[in-house]
């Protein structure tokens, strides 16, 4: 699937700004983020802690706590602006049309109800099935997500399941109403790698079966490479790069993306020494002026310190927000030469 | 990071290390079961190298680190530092006598003099001490371990230090950085004056890439990466020989993680450190280690020089673990082994080979007999009856 | 941390009930300090200024007047008793809270840090103390030791440390697993060093908050004991003792139920406000330190 395809997107986020009003000041967690999600594709959102990737997904479902406020922007889902819906209309969207799974299923599942009760609650609420029918569907869903002995497990409590099984149960719950979009917020971060492999495979297989779109939020470039069709790279509340997954990994066009890719140790490549992006992630209360990455960027000039670079198309379907892509490209060329030599 | 393995005596030897935690229940807090976190582990660490210890949650890798530093007393087994048995200093005082009896005295009593040569190196040394220095007097032998116990424990603390995983919980929020790092100086009386202490703290702060002025600040004023640097400074101010890094970079963001990994490599060169690097992340382990030990459910299943392990893993678990890691390259297509099921509970590990219920190549013998950790190729030890079949 | 303290102070002063509590407390402190000026003792009893002077020989209470603004009860000046009683209240509160908190801290932290059978024994002892009804225990203890304010205070200390011990034990059990404690052990810090430098500073705030709440309730307990005649001797300036005098007059006179209101209202109000002050301050501190504790 190419970026900016001719199809109409199923979800469109336009210039979203979500701010948090804390005692210490305003945290501009998401500050002008735009993207779209097409039917059946997986959009990866990658970035480090505090870059705004999770807040973006919570904003889509309007699940922010009382300190967070969506300042401006539009979230168009099937022609409706979700930000203009009433709370009761929104409830019909949540779980039914757009479902979400979280990093730690233990906190997302209610410990005093059985797995079955929690899946059935969503089914009865959204699909108006009877209790018996809902239970049957719940068992079917548990079987589909690969939970052994679903007739027995349906009556178990969350704490009786292992971490991997709980995440499967969460997925079963999220998919029980056949949503068009599944938002997965770091769904495998708390899991062991062998279990992560199971869950990722399951998600790919279910996506094929149900044809839903997935928004995959993660800090792990490996998971991104494996799962996504298109990728959004976020830094300090902004999208810094946006491209198809192959293009992004082949020709990164933002110094942050490039730095990130070079700083991870890899199984398939041997580095004598890792590249390290200098400095620390800026404090969300005091993001730098101009390009927010300039404090850590080795290509930064005075222009970067004063003017914010816009997110523009630099090659077909490839967006980047950087003033000095030429400088980055020559550095990459030197690096590639060194590698091949 | 030397690729060659020294053949001399190891800096640290671990022999049949066992750590079981009791599970208590009921009003009388009776022990109802044991968590077999570490269940008979042997390995050596040589001076100047980095041994990577990798495995999934609950495999016992962290417990090993904690036990080596005396934070948990071992249930069984011995630990040698430069050939000296340090187990008595890891155990509480009242357990030392029975440990020494079990490990040495009972064996030595049944020993003919000519059998001494056949003992493993660690035991041979103590057999000589027992028969020659103490003339076979068990009481004198035991007393020699109990004398100056506190001092010896303290000396050991200076040789072995630890860097923790969580940069947030590993620093006392109510202490200034200067005191967090300087506490070790006070405890071991390394500075003769306030000025000297201050200078030591300032020096080590600079070595880990922070400003000396930070000594006056509190932990909450720092980011995760900076806190981890402070944790490293706290460990290094004692000038240790061996540093246990327990998931030291796991909680950090990608861009910060590489900074800390580079720093640890630089410090290793500068201070001639030996690392035991514990992590669940095989890519990090591959980057930093010289040799790698893979753990599963309280056991080492494979231990080998890095190159050998990553070029040709021999244990089916190692193979599956490697294939499970997503490669950050969309063009990279690989055959993937997806393991069935979950990691079993360490309270009731499976019979025979602990990996057999999830193993793609398990056969009947695997559920009956436990495969020993054997050298299959030079320097590469594997605990599998069918080593190499999957690679 | 200095910044942190400033922020906490700012939060405290933003909370109206906390400020009100603080104002009340400052008022009581001033009264206690300047008691000799507000209600100067007569030359006859300047050596024992805590004894309320006898101002009349009539056994009936006398309503407030110019000389005796709070009235007279049991032949003694209520105003004098209420003013000097402030000192008694502070003394009981501070000493009993201080000593019992220290005992609780000691037992609780030893119990939590060492765990195992030490914990088991200390906690069972705590349970035994908790299971004895306090009033009965206090009555038994004062019959053994004799009556008097100091004996009452001993009784309150002996049966007052268990809450602190349990609270600090729970907090330390949690904090003990923190990595900074393990790091301190790895460095070789001694056990007292770990408890004093690492565990207590991170666990003591809830205890201090609890202590400030207890300050108030202790004064009520002391008053109950005085009311039962176990506490202060006849004529001693103590709010509980003054209320005890009112026992005979509480029901008023025939046809005039509220005739002797002043025998209760003045010492009673003092006590209520004193307890309120500590509770408001404790509540506010709790909200600042740990908003999750709010129920």
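Order as written gives the chain letters A, B and C; numbering starts at 1 within each chain.
The definition used in the following text is that contacts are C-beta pairs under 8 Å (C-beta built on N, C-alpha and C of every residue); 3 or more make two chains touch, one makes a residue touch a chain.
The structure displayed is predicted, hence computed values, not measured ones.
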item: Far-end chain from subunit C, centres as C-alpha averages; value: A
item: Dominant chain pairing [most C-beta pairs in contact]; value: A-B
item: Most centrally placed chain - per-chain CA mean versus overall CA mean; value: B
item: Length of the line joining the C-alpha centres of subunit A and subunit B, rounded to whole Å; value: 36
item: Intercentroid distance (Cα basis), subunit C paired with subunit A, Å; value: 55
item: Centre-of-Cα separation between subunit C and subunit B, whole angstrom; value: 52
item: For the subunit B and subunit C complex, residues of the former touching the latter; value: 29, 66, 69-71, 153-154, 157-158, 161-162, 164-166, 169-175, 180, 183-184, 187-188, 218, 220, 231, 234, 238
item: Footprint of subunit B on subunit A - complex, ascending; value: 48-49, 162, 164-165, 192-198, 200-201, 219-226, 245-246, 249-250, 259-261, 263-268, 271, 273-278, 280-281, 296
item: Subunit B partner contacts - residues on subunit C that touch it in the complex; value: 1, 4, 120, 178-180, 182-190, 193, 197-198, 201-202
item: Subunit A contact footprint on subunit B (complex, rising order); value: 56-57, 223, 225-226, 253-259, 261-262, 265, 280, 282-284, 286-288, 310, 320-332, 336, 338-339, 342-343
